[in-house]
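For reference, chains read A, B, C and D in written order, and residue numbers begin at 1 within each chain.
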Amino acid sequence: MSNRTFDRRTDLAKRYSLYSLFKQYYQGDWELARKAATAIQQYEPVNDNLSSQQDQNLDAAALFEYNRLFVGPGKLLAPPYESAYRNAQGLVMQEETLLVRQFYLQAGIEVSNKNAIPDDHLGLEFEFICYLLSREGERLQADDSSTANRYAALYQEFCQQHILSWVYQHCDDILAHGKTGLCRDTAISLVRFLQREEANFLSKEEFV
Amino acid sequence: MMGEWALVLFTVLSQMAAGAFITLWVLDTVKGNIKEATGTFVSQGIVLAMGLGLLTSLGHLGHPLEAYRASAHFGTSWLSREVIVFGLFFFLTVVYYWQWRTGGARRLVGIIGSLVALLAVPTSGMVYVLAAIPAWNNFGPIFFFLLTAFTLGPLYTAVLLTLEQYSLEKSLFQVVIAALACSCMSYVLYLSVLISAGDVAALTGWNTMLSITFWLRLFIGWIAPLGILGYILAQQQWHSSRYVILTFALVLIGELLGRELFYASAVALTMFGL
Amino acid sequence: MKQKSVVSRRTFLKGAAATVATVSFGGTFFDFLFSGLSPAVAAETNIAELFRSACPRNCYDTCAILSTVQDGVLKKVEGDPASTYTRGTLCAKGFSYTRSVYSPDRIKYPMRQIGRGSGNWQRISWDEAYTEIAQNMLRLKREYGSTLPICLNKYSGNFDIMHYGIEGMLTSIGNTTRATGTPCWPAGIDAQTFDFGTIVCNDPEDIVNSKYLIIWGANPAWCSVHSMYFVKEAQQRGCKIVVIDPILTQTASKADLYIQIKSSTDGALALGMARYILDHNLYDGEWLAKNSKGAEEFFSYLKNNITLEWAAEKTGIPKHIIEMLAREYATTKPANIWIGYGMQRHTNGGQNVRAIDALAAVTGNIGKSGGGAQYAQLETWGFKYHAMSQTKPVNSGGKEDRAININNFGAEVLNAQDPPIKMLWIACRGPMTQDPETAVVKKAFEGMDLVVTADLFMTPTVEMSDIVLPVTTAFETPGVNVSYWHYWMSLNEQAIKPMYESKNDITIAMELSAKLNELKQGSCTFPTSGDLQEWVGKEFSEGIYKQFGIQDWKELKKGPVKAKGSLIAWQDNKFRTPSGKYELWSAEAEKYGHFPLPVYVEEMQSTEQYPLRCITPHWKLSIHSQFQNLDWMAAVNNEPHIEIHPKVAAKYHIKDNDAVKMFNDIGYITLPAKITETVSPDVVAVYETWYKNKNFNVNYTVKAIPADMGKKATGAPGIAFHDNFVAIQKV
Amino acid sequence: MAKKIGFLVNSDRCIGCHACELACKNEYQQEPEIRWRKVYPLKEDSFGRVARGFASLACNHCEDPACLKACPVIAYTKREDGIVMHSKERCIGCKNCMLACPYKVPEFNKKTKKVEKCHMCAMRQDKGEKPACVAGCPMEAISVIDIADDVAGAERSLPGFPNAAITNPTTRFIKPVVGRQVRRDA
């Protein structure tokens, strides 16, 4: 196994685990989200150590803020839906959501609770990416690099067409409304990670 | 209505470039004492101004990259005609600049360029002469666009010339003073006509009168420059570039404010009073 | 080192679907487990399906809807052409339904507020919600010996027949406290119950047969849009349309004759007209002799107590107009009167309705096509109410359910004793926006151990709750709907899957019952399972099948059906009064502390300090707190305003659009002024609705003054919403 | 010669309920601030006695449309039957038509950065269906007529409607009739 594929696999593994942590963070359950957020800090430390000390009541505030930003029941301050940023009033199940549904279908995937949870929920979009990366990793293991490259291309296309078109704005909303360290740090880490991915796409242009 | 910065910049810069081109051509033919290097420098300034104008106009479009198609409907659309005429004018400024640089036969290009410039400014004015907007549905747009050309244009050429140590003529400043005075008086007259016309037009008139932009425009755009120019003529100081540049700056700001007022004053016909 | 590839080579995309099933492979750090996603089963179906839906709102028209669904997504809604009443159209609110189903503001998951009113919410699972609710219910039952401390406040947010399962849920827990009565139309119902025995109205499509139609204190142009088509049709066939209303409403603008009566003096006008009819022998003595009771007493009351001069002075309408009106009404046959709900929201509302009913009786217009005194009908509501009728558990303490007055909810919750009220269940209601004396309601909420609200959006009521349960819209759950005005019945098919984790109120009842029984066997009798479609089927009674001429409810899948017979109220002149006759003299009324005859009762007057009467009718773009919060409605209008007469505005130096403060001793609101001659000089109009992020609630100024009637038929007197006196000043 | 069609707005039947406006939005699921059809309140005293009156207006599909003339990229075309169509592909979002239209019909869609407007449900009409607004109106107050045949009481304008001579709109109006009023504020 040439060291180039080896580096690619370890890099892929790191990105894969980061994406699965973000997926866990966005799937709405606070306990999982909190664990994911602290784990993310190991991978993408936001080094201003001021916000790293977490005491108990700060933790409760983080929970309420997490719900105010992403869950409800009032108007979401940073709605984790692509359509919230792509159509003026953030209506779900519109054209944007259905574009994401078609993309999933292209890769043979659909939302299990179809038409109940909008397809463009960030938790689901990250899960789709985890699936693509895992397929790429598995194909690399099986030394079938041509299929692996195609999964990588599909991932890049999905990232550029969907994730990068709104998640930065979504993170801005978090930073604008979020006060507690936890949600803010996760948003900063997400932005940094996606920026690296984006840079990665550009440099990969010549590579593929 | 549409206080769009892109249109304000485009119209002011393009009219300045047109006026400057004509001034340069007049000086070149009448005086004939402009050295080639100076002429190249001035004509280059004109190309720059016109180019910048065209560029800013893209900022106003929803899809700038498809602006090239905007000339398609010259049959009925004044906007298409404006795009064509100013496009042609821009081409001619480049050719004129090239003639100055290579010492080619610039008389002919100068004449054609000036004629196209004289045609372009009113064409640009016609875009805004619309029955749907009473305040614009008159000679106003064309007249004031021309006045912009004949106040800002000569001053822009004057500034470029003084930068090349060319000794300016008194007559140039007299033209500018005449244009400025005419512009100021006719605007005040135009406002009073609007106010007396009643309902929608009066609304526009009052909106303009009561806005601070109007008073700023009055002082910066007319009173201050006229004062300076008067002083220059009295003291025969028209050679010192300091005053010329100052006047140019004031008139430029005045014209930009004036144009902002022009767009903001566009109160369209109301629908059932809404 | 090349591993033999297990999967055979296929084109990438086609192959992806096949390989997806074998995706989870252990051992490497790439192992991936599906949670939200799964292998695609069916290819995308983009054929459009049509579903029969029905609008379950508190509205005269209850429209039949055709919903277009594509790949499980509701694309658009249209009126169902099968109904001859709505004729294939909806209204502005109906057409906005896609914006509420997919609104980003919809409540998605059950949530728990840590600190009521704090705004700090925590997501909980349905099971956690049921557990906390059930534990609270059982604790209260232990502490107080019965489930009476649990109080239900449910009314008109959703009139789908299945939603009566919410009452059933409370019954299945034991004796509970119920917010009884209705803020809407109780006085009028009692009045017609004393006169006719109950409320029955003609089929509104029959309005086209009227030759003379008085629309008295009603604004169908805003509140029953489809009736206006028939009013216009009647007008074109030569019927004279008269509108009597203190405000020149949209309906009044279409009238042949508009009469700007002084608010709350409608009884005086009716009695003045009756006196004229009596003096000029224009009454139908023969009909009265055969079908009425107490005509002599009524006529002697008119002779001794009513003069046209008095009526003119009372109502502010010139005498000759009253005479003309009386003559035209009595001599043009058939003559119809439509009695509005706004007109009975006064301290003398019920008595005024009786006086108007008397006009119809005296002129023999009762029981006639094109005639009558229309108010409402509940004839088509003869369902089994299977979901509502549950049995109380054997060990439930207390004798029976306790009723408290829904129209004085805050105070009655606070004053309830042995046992006090400790828990609220709010469904299909918004007390914090709709009830009078909002401060008192808020205080009541604050005193609770637990407040549970089932709602679609974050309303002020939800803000004051501990647990909010996300509920389905009409398109996500089956049901059946009828109207209190027209005679159509529409099935509501489930068009799409419930969004997020929202549930139908019946499902909530079933699952809560399961949890209660899990914690303490036998503490709840509500069935713990059942298919919602079957629940709908079980609502249908033999009477309904006969009335609508169908054998099975599934026939409604082919479209709405209309009641077959008795579309003209009281045509057989058999009245459901004790005497079986139209009772001008009602002993039943006397029993409930009212005058037996439709005499005039003085109206509430304005005071020196609060000279202006503030009328708070419905707003045209909302039904109470529903619809105005949607983005499409906000795009049309997103600003409340107070309509003030130019003369009044001049007195207070108020110009159009100036900010005005309207206040009285219990509260105030600030909103822009709209100077208009469509309101009378002694009235200001503020339309009641809820704007999503505006601190506007006209009920801050409304006191819980009871209307005169409502106790007999609805269990509690109504609210005199329009007897609200205020002062205004420029801000 | 193909028949020329236009909207007939019967303000005598119209009750200002906005159903037409919302029926249009429901049909095309537009952004909230985009309102192809708007229900304008008329000045209350424009018909003698005070009344609440409305006029429901979308595009007037003018006979010599100012938008078509002003558009630099020929995005507007007028069909045989008179419907003025706007082509999304050609539009470059210069908003010149918004200045030129006396009735403020074309609207700028911030998302697509192009202008859009009512096309009288051309596709629905080609399929023989009524436009969504006409089908959705509970009062049958708006309809599509052949502007050649004169409808009883139809006029070319209403008080407050911009001068029809500018672009010669095909919309026809029927004025509301306000009945007798017995008022207490004389």
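By definition in this document, contacts are C-beta pairs under 8 Å (C-beta built on N, C-alpha and C of every residue); 3 or more make two chains touch, one makes a residue touch a chain.
It should be emphasised that the depicted structure is a prediction, and the values quoted were computed from it without experimental measurement.
Participant: Mind listing the touching groups among the other chains when subunit B isn't counted?
Facilitator: Leave subunit B aside; others remain one piece.
Participant: Report the chain whose CA-based centre is farthest from the CA-based centre of subunit A.
Facilitator: Taking each chain's C-alpha mean as its centre, the farthest from subunit A is B.
Participant: When A-C is set beside C-D, which has more C-beta pairs in contact?
Facilitator: Ranking A-C and C-D by C-beta contacts puts A-C first.
Participant: With centres defined as the mean C-alpha position, give me the subunit A-subunit C separation in Å.
Facilitator: The computed centroid separation for subunit A versus subunit C comes out at 45 Å.
Participant: Taking the mean of the CA coordinates per chain, how far is subunit C from subunit D in Å?
Facilitator: 34
Participant: Would you mind pulling out the distance in Å between where the CA atoms of subunit A average out and where those of subunit D do?
Facilitator: So the centroids are 46 Å from each other.
Participant: Determine the centre-to-centre distance between subunit B and subunit D, using the mean Cα coordinates as centres, and give it in whole Å.
Facilitator: About 39 Å separates the centre of subunit B from that of subunit D.
Participant: Quick one: which residues in subunit B touch 2 or more of the other chains?
Facilitator: none
Participant: Which residues of subunit C are in contact with two or more other chains?
Facilitator: In subunit C, 631 touch at least two other chains.
Participant: Touching at least two other chains at once: which residues of subunit D meet that condition?
Facilitator: Counting only residues that touch two or more other chains, subunit D contributes 29, 32-33.
Participant: What chain pairs are in touch here?
Facilitator: Inter-chain contacts occur between A-C, A-D, B-D, C-D.
Participant: Help me check something: in the complex, which residues belonging to subunit D touch subunit C?
Facilitator: Those in contact with subunit C are residues 12-13, 15-19, 21-23, 25-27, 29, 32-33, 35, 39, 44-45, 50-53, 135-140, 176, 178-185.
Participant: Could you list, by residue number, the parts of subunit D that touch subunit A in their complex?
Facilitator: 29, 31-33, 110-111
Participant: If you look only at subunit C, which of its residues touch subunit D in the complex?
Facilitator: Within the complex, subunit C touches subunit D at residues 75-79, 86-98, 221-222, 225-226, 228-229, 232, 241, 248-260, 262, 316-318, 321, 620-621, 631-632, 634-636, 645, 647, 676-678, 680-681.
Participant: Within their complex, state which residues of subunit D touch subunit B.
Facilitator: Subunit D reaches subunit B through residues 40-43, 55, 57, 66, 68-74, 90-96, 99-104, 108, 112-115, 158-163, 166-167.
Participant: In their complex, what parts of subunit B are in touch with subunit D?
Facilitator: Subunit B residues touching subunit D: 1-2, 60-64, 66-67, 69-73, 76-80, 83, 127-128, 130-133, 266, 268-274.
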